[in-house]
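Next come the structures, one after another.
Both of the next two complexes hold chain A, though its partner changes from chain B to chain C.
Moving on to the complex of A and B:
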């Protein structure tokens, strides 16, 4: 059974005004337990609107969303329970920070879950380690931190609640390449330890390739494609037509292949790309006639 | 080449804090395109703020077109010469419609209405946003807003535009669009560009690449010079452009490729020249 089931979901902003705007039309998707789903799409394609439905921040204009088979809007009073199951990290999560120490900020969620003090402390320590910040930062004011550090603190705050599903909207925008790489690695470790489900929205194709089991491609409020990562990025032409891209290494392999070199087109890491090219030297000549 | 911004032996700290920048020596020439790379917290944004008198050096001096940034009288002139575009377009919009937003700068220069009209139209055309001049800004996409923000600076007719991670919130197509606009302004209007970025593929578009590490300039030069120093960059945990990384792996496997390749097409050309000749195993 799917963990998150979305059926015929549509969402219209400012529905009862004279300038309604359809953000999502007729979305049908299933997300299964323990998956990592990447979501890509041009600005305004409906990615953020969609993920805000996952924890009931937005109510569908029509259609439904089911978590573990239960319609989350069946009893609107219980919507708060959903927010403990599905944790959402917004774009610019650094704006969500409000406490006077990093420790308190991360502990805020777990405190509201009525956990014991030891458990709260364990969770704070575990999450700060997970986002790759030193323990010494716990006593600092969040407002002394750099942009990248603040973002990590905000993410740790959601991780500390250990939701079944964690949704991250552009978590790596503005991080330097090394921090970005480490963040993706840590997220993978967290995923394999917690056996949870992760949904990550990003404009960075390298990140999406690196981490996702399946990729959802949004275009103008509709689902353009939803498939295994490898299959999505083999469709370079479709992606580029709708304002997206393939990872740079994949682009190089496309170009080599178009030049007549016998290389695979579904290559997503520099290491695999190098291996493919070295193979050219191993077999004869390497050029197709 | 003629100097535009001269950063001479600059150290910088906030109040009693530690030094954020140390021993910075950097020259931005007129019409030059410079990219500034470095990890979060390496001092890139601080350095760019020193260039238009938003911050003053603690030691050393920064001059813009011969004007020293510590000279209070010249601050206004300096900021007319060097404009700044920030990462988040939503934080730098001041008006409701596109043309009003772009007119804000020229209005503050107390120009005549005709001149303001002309500058607004010209600058919107130069970024390809003229047809949106009457649109509400809030209906634009992130990339479009960013182009309006750039247009607002262009209308001030600056000598130099600093862009602090202008594309980090944008999708791939908008990113390309904004970059093309930046390149066009640089090539056609000879406006000097300082581009702060984490994207290697953006950085290599510049005439000069400056790598910052812990508040110091680690290395500066043409993209080729900088990306040929693979060991130094790796030692300081810089990520290489994909093509450079790929070339390095191949070189380590005895492929006879030159160092410092950062462009896809150059890579393919170099590869072609050796693949038939079997110069590696």
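Moving on to the complex of A and C:
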């Protein structure tokens, strides 16, 4: 059975005003337990709108969303329980920090779950380690931190709730390459340790390839493709048509292959790419005739 | 959602009122509000209501939007209406225990409700039909005669423009912050005072922080574009006095005359 099931979901912003805006139309997707799903799509394609349905912040205009087979909007009073099952980290979460110490801010979510003080402390420490920050930061005021550190604190705040599903909306936007790489590594470790499900929205194709099992491609509020990562990125032309990109190494491979060199087109990591190119030299230039 | 509220929102349309000079509209608004509170009997109240309906008709704004604004103040109107219902003077009409409802009380209540409603509708008409930039321009022009008491009018106008400009941005911001804290399980429905305050703090602190940041950014941006006060600045849209403005003033004068005439001619129903 699928963990998250979305059926015929449509969403219209400002429905009852003079300028309604359809942000999602007729979405049908299934997400299974223990998967990592990447979501890509051009700006304004409805990614953020979609992920806000996962934890019940937005209510579908029509259609439904089921978690473990249960309609989350069946009892709207219980919607808060969904938020503990599905943790959502917003785009630019650094602006949502409000407590006077980092520790308290991370503990805000677990406190809302009414956990015991020991459990809260364990979770705060665990999640600060997970995002790769030193413990010394716990007693600082969040307002002394840099933008990147604040972002990590905010992400730790959601991780500390240990949700079954964690949804991250562009968590790496604006981070430097090293932080981004570390972040993706940590996220993978976190995933294998917690055995949870991760949904990550990103514009960085390298990150998406690196981490996701399957990729959901959004275009103008519709699902353009939803398939295994490998299969998505072999459709480079479809992606480019809707304003997206493939990883740089894949692009190089496409170019080489178009020039007539015998290389594989489904290469997504630099290591595999280098291997392919070395192979060319090993067997006499590799040109087709 | 909060952002769907129609308060303070310009509604683009082509109507007599949209084309009327903002200065004239401000003065009309102030004067008519004063005279609406000066209606003393049902005849003058009737004239005021006719004026309000005429304005609604002239504004070319869908009824739906007025209803929305009206819904927001409905509770307030009913509450003040109820308070005014109890008046010691006059003939008793109903009596429940110690509560007495008199004819004077009923009159009071009707007048208060109609006045408050008219006020809100006229104010909505004004914001629906006036561009924020025209509004600030008009305020600047109208305040000009007071320049001698050493206030910097163009500066005030600039502050108003900025404030108006950032209302939608702040609303958006609040919405985002609320959603983010809800995602962390913040409980905005809880009755417990302590929980409530904490939930409120989780909105206010980030909002203040980002507002300050925005203010600094804006100041930097203005300075890097050499903003040195708005004195002698020229305008893209120039306010000009037209026939339509005369028409608008004429309507207001008729309204004032009607109210004053009825007040003198007929006995007062409310004090």
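To be clear about the criterion, the second predicted complex is superposed on the first by the 289 of 289 C-alpha atoms of A that agree within 3 Å, B and C clash if a C-alpha of one lies under 4 Å from a C-alpha of the other, contacts with A are read in each partner's own complex, and residues count from 1 in each chain.
Everything that follows uses one rule, which is that contacts are C-beta pairs under 8 Å (C-beta built on N, C-alpha and C of every residue); 3 or more make two chains touch, one makes a residue touch a chain.
Bear in mind the structure is a predicted one, so any value in this text is a computation, not a measurement.
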| item | value |
| --- | --- |
| Of chain C and chain B, partner touching more chain A residues | B |
| A:158 touches, of chain B and chain C: first, second, both or neither? | second |
| First (chain B), second (chain C), both or neither touched by A:90 | second |
| Interface residues of chain A shared between complexes with chain B and chain C | none |
| Contact set on chain A toward chain C in their complex | 14, 16-18, 52, 55, 57, 80, 83-84, 87-90, 93, 95-98, 108-109, 112-113, 143, 157-158, 161 |
| Partner chain B, residues of chain A touching it in the complex | 41-44, 91-92, 146-149, 170, 173-181, 203, 205, 243-245, 247-249, 251-252, 255-256, 259, 261, 270-271, 273-274, 277-278, 280-282, 285-287 |
| Interfacial residue positions of chain B with respect to chain A in the complex | 38-42, 87-88, 141-143, 165, 168-175, 198, 200-201, 237-239, 241-243, 245-246, 249-250, 253, 255, 264-265, 267-268, 271-272, 275-276, 278, 280-281 |
| Interfacial residue positions of chain C with respect to chain A in the complex | 1, 3-4, 11, 62, 176-177, 179-187, 201-206, 209-210 |
